[in-house]
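As written, the chains take the letters A, B, C and D, and residue 1 is the first residue of each chain.
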Amino acid sequence: MAGSSFGTVFRITTWGESHGKALGVVIDGCPAGLPLEEADIQRYLDRRRPGTSSITTPRKEEDAVEILSGVFEGLTTGTPISLMVKNTSQISRDYSEIAAVYRPGHADYTFDKKYGFRDYRGGGRSSGRETVGRVAAGAIACKILERLGIFVCAYTRSIGPIQADMSRFDRAFILSSPTAMPDPEASMAAMAYLEETRHNTDSAGGCMECIVEGLPAGIGDPVFEKLDANLAKAVMSIGAVKAVEIGDGSLVSQRKGSENNDGFRAEDGRVTKTSNHAGGILGGISDGDILVVRAHVKPTPSIFLTQQTITRDMENTQINIKGRHDPIIVPRAVVVMECMTALTVLDAMMINMPAKLESLEQFYGKK
Amino acid sequence: MAGSSFGTVFRITTWGESHGKALGVVIDGCPAGLPLEEADIQRYLDRRRPGTSSITTPRKEEDAVEILSGVFEGLTTGTPISLMVKNTSQISRDYSEIAAVYRPGHADYTFDKKYGFRDYRGGGRSSGRETVGRVAAGAIACKILERLGIFVCAYTRSIGPIQADMSRFDRAFILSSPTAMPDPEASMAAMAYLEETRHNTDSAGGCMECIVEGLPAGIGDPVFEKLDANLAKAVMSIGAVKAVEIGDGSLVSQRKGSENNDGFRAEDGRVTKTSNHAGGILGGISDGDILVVRAHVKPTPSIFLTQQTITRDMENTQINIKGRHDPIIVPRAVVVMECMTALTVLDAMMINMPAKLESLEQFYGKK
Amino acid sequence: MAGSSFGTVFRITTWGESHGKALGVVIDGCPAGLPLEEADIQRYLDRRRPGTSSITTPRKEEDAVEILSGVFEGLTTGTPISLMVKNTSQISRDYSEIAAVYRPGHADYTFDKKYGFRDYRGGGRSSGRETVGRVAAGAIACKILERLGIFVCAYTRSIGPIQADMSRFDRAFILSSPTAMPDPEASMAAMAYLEETRHNTDSAGGCMECIVEGLPAGIGDPVFEKLDANLAKAVMSIGAVKAVEIGDGSLVSQRKGSENNDGFRAEDGRVTKTSNHAGGILGGISDGDILVVRAHVKPTPSIFLTQQTITRDMENTQINIKGRHDPIIVPRAVVVMECMTALTVLDAMMINMPAKLESLEQFYGKK
Amino acid sequence: MAGSSFGTVFRITTWGESHGKALGVVIDGCPAGLPLEEADIQRYLDRRRPGTSSITTPRKEEDAVEILSGVFEGLTTGTPISLMVKNTSQISRDYSEIAAVYRPGHADYTFDKKYGFRDYRGGGRSSGRETVGRVAAGAIACKILERLGIFVCAYTRSIGPIQADMSRFDRAFILSSPTAMPDPEASMAAMAYLEETRHNTDSAGGCMECIVEGLPAGIGDPVFEKLDANLAKAVMSIGAVKAVEIGDGSLVSQRKGSENNDGFRAEDGRVTKTSNHAGGILGGISDGDILVVRAHVKPTPSIFLTQQTITRDMENTQINIKGRHDPIIVPRAVVVMECMTALTVLDAMMINMPAKLESLEQFYGKK
């Protein structure tokens, strides 16, 4: 089925495979009048690009974005924005083994079961390169949110056993850090851990977190279109994510109610909370506090150790994956999480506009 | 926005508030020809009913379901099935405090911010009673899945610090246990823990798990309609859930790739895996193994301890919640998780039918 | 598939069969704060009720609507509004012939081919009674539109060869007329025509028209969600409609451009047009002029003349339909067309709110 | 809102403006395993290309399609197919008048009201060039349908007052005819009529028809997703269409039931009808007979006669449109109608697969 679209009023549709001619996204429903140029998007794409340190693949992905439609004289027109990134650096190599054998932890086997065959070059549509479209679209969502005073920020919370100490949170460091951690000390320890992991031809998992500041209360719809439900879908749809948490997340299952409830407090006409265990969402609707989402990411499945597996012809065999792979997925996935969060929040805000009859009447003029 | 529908081809729409006249659900897209009677649905509704032990509210909810449409001579007709449960036992009481003061951990404040006011009687639409519709619909999804040899089973994994020991897994015990735990020993310990919690006028969190057995490989769609993404949305949409995990979930972030990958093995023409850390999903598509989903549920926010909060008029105040409330949400939410999982899996299976051109050609006859 | 829902942000889901226990609708996404009581809806349902004249079936349909959810203290809450009408007057009769033989012009054969069998009592889900839910929901849409100064009005344009003369347009007459024509003279002629048709045990077709006054310019979305495209779907989905026209409709195919274009004119800061051949829509978007939609409705397929047909077992046979049937569908379908138009327009208006970035910024406050 | 997507399981998303860098479409949900190459699509695009006769604009549109994703080793993979056509021949000219003045019959005014401004070059998104994406996607739908023995064929039914005589129906002539009429004699007369129209610097309307042969009974969903309702939306969404008819269409409103009903007949185990006034659809579901859809298309609004209009600044003015324009829209829109019909029918067929429980059980294997 059509599974490459996300969002209702602000909707994106991504396309493209790892080794096809190009990848891209169509953003439909973007409000008219937003100043937009390629540099706005390129800035985000550069954050998911590898080749910047020892822990990302040295493969050079230029990922230069091109705006093909939807922008006129520097402003979005309200009609679909088509963005394309050409695949320029995909090396022609021998895929005969990957074509015949299912790599553990990858989607090779499940794609074959679903579709009968697959584009096996570099993982095809199940490759991490699929996220190029998400990030290009998310850059636009982030730009709109910023104009509304809403800031989305994702970072690495932990790598293997190394946790970021949030008391050392340094926002500026996130973008310059090879680990995307906000804590310089933890980042250094994580780099050492990853070096060792790579030396052992193994890979490491990690945890990433995204916060949203400035979000007004009242966003999200009860029951099935809860803001946290849509965030869970958005974030779980990122390849390799195996758990999603809101606020204190899995910790709540061992808590007492008296420990977990956040009291409300009024100060100078503003509402605050005595704590934010809820992560800014109550009953699926934003409460005006900081939104907190977390995702646990599995280790890169491509490792160089010998692994038990089967061939397409159902023969048992062993595989030794070759090539160069990141020893960890998280640092490059952080910007993807930021973008998926921004897309979810913006769509919910646009949908929310007619929630009160009063708003509809003010907009169109009560008669 | 319209947020009370779930699913694409097999779609449900729930309605009703805690203290309204009735609650219900419309199931649209149910295949024609399924034998269906009220008893099939009542069996599931009875599992979410309180009043069966010391840890659930003694409030008597009869929750007798009525089939209003979509069934003819005992078979579903393919047209919408409307199910209704009348609210019969909602006691008329004084809601003046709840109307004026925001309860911590509840959706009172966020509903007011979104809609301008709210039905405050018993939580209105944000009450746990909203799940009546989900469970009634899920009962039908479960019945269809069983005919396809697919079995969905949810249970309590932990209550506060008490973990079920899965080596003592007793499936039959789940339905008879007041805790919905599959481990009789842990269940007994959990009951003692809850008794103490209640004695302290506090509440407890817990964790629930759902497994799906018999699911074929190939279900779920890449990118945004991944099976795990839709399960995450489905489960996170249940009130009080703050984290969703697939397979080994949050543990993967501390793993090495060599520990986390599941090898494939072929035996007698069948594919198995050397382990199931992935929880039955690779690249968003089922791999034929057992599906494993887990949800962490916060403690009941209604506690009898004095809490800091504000009034509708933005005055600081303190609240002492009265009435009778379950000291824990999990045991009654287990059947809701089972139903949301079944709805997600069935819809994905129906959508998957034309994934291969070959299937379409076989169905309609290639010319 | 789930085919009983209509709309995106303001979405309705109808259910129920002709001879089931009840029929109803769930309205999801209705803005909060609308005063609503059963009488608001009953007024519309009464317009589709038969038994008021010689040209409608004398069968007594009380169709008393009940609000089951979504309204609190007289106001809509923003959560789903469930409306139900019990089937009280369905006479138990012998359906053995209808069960075994396919009636020409009805959906008996196609339902059997799709679902394998059908609820044959009174047409089941394909009965005109299905429109009860549409009308109940449309009454709410109309009420909201009226508060925005937008008025939707449908009427009969022609019955058989008898055309209403629009120069005699009498709005008040529509509701009191048995034909729903706005022209008393034509109505009288049409009554005579229908009397003769009934005398010949035959039935008659007709044409209905709907206008929308007060609609602002800018409603509807380019390409596939054009306002006229969605109106065409909405109106064609009404049983027995075989053609839909916007503005001058089918006449345009014989026109010259110089005859068909509507010039723009500015007067006192307001835009008017020199004519309205376009029916108020240009490029799929409303132009601020009166919206005009027309539908051609086939004659009632249930006639008492002997007809050639087949049995379920594929035997050729002849059928003589018994019972009492309206000799024409149009007068009772007029309110259905009004309601479908209102639902389409309101949903498009709600969706349109964030079309300009400026609107989003004003709503949420630019920072 | 996101209005550039069409379809549920087989879904397309188009993008691009008349004078942007490129136009294109993403086809999502295409079954895996279809042989597909650019020539399959180019063949359809060539049919909507102008410059082939005196009645189409001499502007040279090469419209060479490029497949950017979703095809591997000549077969569709089940993942999104991205198609792009570069805009190569858009002449840089002076758009200052068009930018400042609203052309009658065009979407200039309504786009400005909706979005605050517009891309005025060549009509921007509201240009007929928008249909490039529809046709490219429709070519794929047609190819799949043909493999199922289903053939979609559209043609011109009338131009101005000149009607095709269907007794002279010559299918092969449609593709070679400059009018896309199936009747060579009428086509010649129509050419003369158009020559005269052009000579008078005016334009002409016309009617186009589309038939579908080989469609099985049972396709389409009751109530709102009726096959005819979705066809009406699909066809009305084509620019300049002002009326849509199914089967005998608007004629039915003047018919008697005895004239309009189609009898069923069984012959050698096959069901036929004694006539096909219904156009192959009963109750919104296909009946196995030939599907007949018709669309009335307004005259090209760009005419060279002086017209009354207003400027963006609300000043009354007159406009003399310059440039070269087709004197009629129909011949080039015929392939668009064929494609929209194919897309609608294919999506409905894919959605229909699990309508019977029996089908689901056969597909997945009843246990």
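The rule we apply is simple: a contact is a pair of C-beta atoms (placed from the backbone, for glycine too) under 8 Å apart; a residue touches a chain by one contact, two chains touch by 3 or more.
Values in this document were obtained by computation on a predicted structure and should not be read as measured data.
Undergrad: Need the most distant chain from subunit B, centre defined as the mean of C-alpha atoms.
TA: Farthest from subunit B by mean C-alpha position: D.
Undergrad: If you tally contacting C-beta pairs, which comes out ahead, A-D or A-C? Let me know.
TA: More contacting C-beta pairs are found at A-D.
Undergrad: For subunit A and subunit B, let me know how many angstrom lie between their CA-based centres, rounded off.
TA: So the centroids are 26 Å from each other.
Undergrad: State, to the nearest whole Å, the distance from the C-alpha centre of subunit A to the C-alpha centre of subunit D.
TA: About 38 Å separates the centre of subunit A from that of subunit D.
Undergrad: In whole angstrom, what separates the CA-based centres of subunit A and subunit C?
TA: 44
Undergrad: Going by the contact rule already set, what residues in subunit A reach two or more other chains?
TA: Touching at least two other chains: 1-5, 8-10, 14, 32-33, 78-79, 114-116, 125, 216, 222, 351, 354-356, 358.
Undergrad: Quick check: in the complex, which residue numbers of subunit D touch subunit B?
TA: Residues 8-10, 31-34, 76, 78-79, 144, 147-149, 214, 216, 222, 349-351, 353-361, 363-367 of subunit D touch subunit B in their complex.
Undergrad: Can you list the subunit A residues touching subunit B in their complex?
TA: Answer in residue numbers: 1-6, 8, 14, 102, 104-107, 109-111, 113-116, 125-126, 130, 158, 160-161, 197, 202-207, 216-226, 228-237, 239, 242-266, 269, 271, 274, 278-279, 281-288, 296-303, 305, 307-310, 314-316, 351-352, 354-356, 358.
Undergrad: Please name which positions on subunit A make contact with subunit D in the complex.
TA: Subunit A residues touching subunit D: 1-5, 7-11, 13-17, 20-24, 26, 28-29, 32-33, 66-70, 72, 75, 77-82, 84, 114-119, 121, 124-125.
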